[in-house]
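When the chains are written out, they are named A, B and C in that same order, and each has its own residue count from 1.
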Amino acid sequence: MALILSVLEQGMIYGILALGVYITYKILDFPDLTVDGSFPFGAALTVRLITMGLPPVVTLPAAFLGGALAGACTGLIHVKLKVRDLLSGIIMMTALYTINLWVAGAGYVAIFNQDTIFENGVVNGVFPGAAGRVKTAAVIFLITLLSKLLLDWYMSTKSGLLLRAVGDNDTIVTSLGVDKGLVKIVGLSIANGLVSLGGCIYAQQQRSFEISIGTGAVVIGLASVIMGTSLFRKVTAPRVTSSVVIGSVLYKGCVALAMFAGIDANAIKLITAVLFLIILVISMDRRKNPGGGLT
Amino acid sequence: MRKSSFSMWKGMTMLELKGIWKNYNPGSVNELCLFQDFNLTVRDGEFVSVVGSNGSGKTSLLNIICGSIEIDRGQILADGTDIGRQKDFLRQRRIGRVYQDPSKGTCSGMTILENMSLADNKGKPYNLGRGVNKAKAGRYREMLRPLNLGLEDKMNVSVGSLSGGQRQALALLMATMTPVDFLILDEHTAALDPRTAETIMGLTDRIVGEKRVTTIMVTHNLRYAVEYGNRLIMMHEGKAILDKSGEEKARVNAEEIMGIFNRISVECGN
Amino acid sequence: MKKKILTAMMTIMAMSAAILGGCGDSGKDVYTIGISQFAVHGSLDNCREGFLAGLAEEGFVEGENLKVDYVNAQADTGTSAMTADNFVTKKVDLICAIATPAAMTAYNSTMDTDIPVIYTAVSDPVEAGLANADGTPVGNITGTSDALAVDAQLQMIREILPDAKKIGIIYTTSEANSISTVAAYEEAAGNYGFEIVTTGVTSLSEVPLAAADMVKKVDCITNLTDNTVVTALQSVLEEAGKANIPVFGSEVEQVKAGCVASMGLEYFELGRQTGKMAAMVLRGEAKASEMEYEIITEPSLYVNYAAAEKLGLELPRRYATDAYQSFEEIIVE
């Protein structure tokens, strides 16, 4: 039971991260490594705000805005300084490592006895007694659902439509009289805002911050996006965001299953990589076919 | 009905290129001086066909007008205002452009409705308002119907699944959905089969005629250059070596142009 | 009056212990423990082996009356958290968490259960939120710390170098453990008549430069368990060798590789000490929630005679008998 809850909780938290990765990888076609820095950035901001005694609810918008700022920096480095996409992300990820240490104040910070979005008067009132076991999962579900719905709504606006266009064919964005660089910056901001929000919730679920939590975050995000979008291939618009979250839960489920089955932990990463490759090849989800149908 | 929807049309603007210099790869062995003091005036409502061999500078000319290539010296005047130093996206608010590659004028991962909604918003802010206005779908459908390509029944079909001709027709429509001062056609029929190319040319002529928009069309097809438009320019090594308009243009025939074209091609050893 | 209260309390404690013991573990034939190790690392592996050895000495032998479920999280906190949740699902009798992140996730997962957590190789349990400032646990969790024995090390350096004034330390600015250890050195140095000179680095490539500059300013260098600096240990030793000043290590591997000596941690010992704590908890003799965390009581002395000879240093004679382990040659792996 605890493990199933754990898979659901972690899966949904990383689901929010995966929504961010979905924007950069699938929509913008931008390999964004900022994620490895913006996920712990959200966590660092969160533990800092909580130890300062601020109400836990504040951490959610704060982490989103913080992550958005980090994403905007990656975008500015790429667009204004004309640094290649991959390198822009690496630069920002590296910078965030130090920033995260500053913000959190140490390589690890515990908030075991502080109020969090899961552990406070209101939530404990709604989930009294035995129901408390599922309160964390319930709160995470609510936030994930809300994030998904907000993203769906945004993607249906004019601004969202333009974001889809810039990844699809950035020439047309220029033709429409819009600065495509600006659209990319906006996209990276929203993406990293979501990633950071994931980090914020993760820190509160784990009741701690640890500097290395971002390591490999982008891989988990990519795996979730690819699993989700390949398994539910015929799905469009709002439902694709759901598939991404489901992909993330499935990914975490696979890890748990491998662990429960007693597979040598040393082999888990290799197995993950192979699994990842197989799904990738089966779904033929490699680069977009350039030019696309010249007939 | 069709006329009234374009009553706000500004249309017909004069375009002047004055003393344009463009040097590629300056200082290197590959240095190529394409334009040296190039001048061109396109008058209100003119439909100019531009032909020329590869490397003659015809596509560069379009890129210079649209701001995709920066010029070294000179002025680009739109109705007297110098837009030569304006960012490409700002300039293109007044320009509609269709490319050779049909995938450049549309978004393949989006539906026809979404593509048209995007194009319809050109010149207005892309804010948090509804991206796709279902109420406008009817109007879009009416715009697609005269194309006779059956696109009006595929509003929710992803553009990536359309044929090249269908996509190019859509691109042309999208480029001229909102009022633009200039229409730039960059070999927009070159990637299509001959029959589809004819259809697209017919559509082009109709749209240009209806909207009387100042148009510059680069083409490889000498027959199209002769048949369509009211001015013909032949480019060679960054210069307009032939420029016929009005009555003169009406008299030229494809054979004559072909003759000149072959002669210059032989001269440069093609 | 006081006496009465005390007696009453003791009676209650004894009763609860009896009840707990009765319904709990003491009747079990086979105990199940989960070991959550954060990463693959020589010291941490030694810790785990020591832990099992400590348990075995107390009569809990793996394969006989002890079932061990071991998971290594491969330095991934997500996996570490899931490992702990998995142990909770399996209702293990005790979780052994090796290294700080493993301890933190284990505590987080067991918070609403009665599964005790025994940690080891946690440098600063107070900072990690696992213990109160006075050393008492914050919950049903206790263990051992691998904080460096700063005082013992300084004392040893004073003994070997009676006239030395300045000790140099190179550390990575992003390693939290290094920063707190540097602070501990700075605080304690005065008591032994030393001054600490520090240089922070951010990457491996900066270590040789920092070392070349450092050796001009100090009488000796002492190492931390700083990952970056330890990786570049050979370049530090080389620069120090040129300047003919000694380098002191912080653990056995460094001494083996050419540091003169160290009052270091023997991670196997640390693990063993932890194993004994775990045994007490399993037997029901003590509760994790009531045991203060422990640091290793006697740091072990390691010396490298070959390294000392190269510098013309004479080591105190008693080291021949006091050293936990001594080396006659420099072994570079």
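In this text, a contact is a pair of C-beta atoms (placed from the backbone, for glycine too) under 8 Å apart; a residue touches a chain by one contact, two chains touch by 3 or more.
Please read all numbers here as calculations on a predicted model, not as lab measurements.
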{"item": "Centroid comparison with subunit A (C-alpha atoms), farthest chain", "value": "B"}
{"item": "Centrality ranking, top chain (CA atoms only)", "value": "A"}
{"item": "Between subunit C and subunit B, distance of the C-alpha-averaged centres to the nearest whole Å", "value": "72"}
{"item": "Separation of subunit A from subunit B, taking each centre as the mean of its C-alpha atoms, in whole Å", "value": "41"}
{"item": "Distance from subunit C to subunit A - Cα centre to Cα centre, in angstrom", "value": "35"}
{"item": "Subunit A-facing residues of subunit C, complex", "value": "40, 71-79, 81-83, 85-86, 88-89, 100-101, 104-105, 107-109, 111-112, 127-130, 138-139, 173-177, 179"}
{"item": "Partner subunit C, residues of subunit A touching it in the complex", "value": "1-7, 10, 14, 97-98, 101, 106-113, 132-133, 206-208, 210-213, 215-216, 220, 252, 255-256, 259-260, 265-266, 268-269"}
{"item": "Contact footprint of subunit B on subunit A as seen in their complex", "value": "154, 156-162, 164-165, 168-169, 171-180, 291-295"}
{"item": "Interfacial residue positions of subunit B with respect to subunit A in the complex", "value": "87-90, 92-93, 95-97, 99, 101-110, 114, 117-119, 121-123, 125-132, 160, 163-164, 167, 175, 191, 193"}
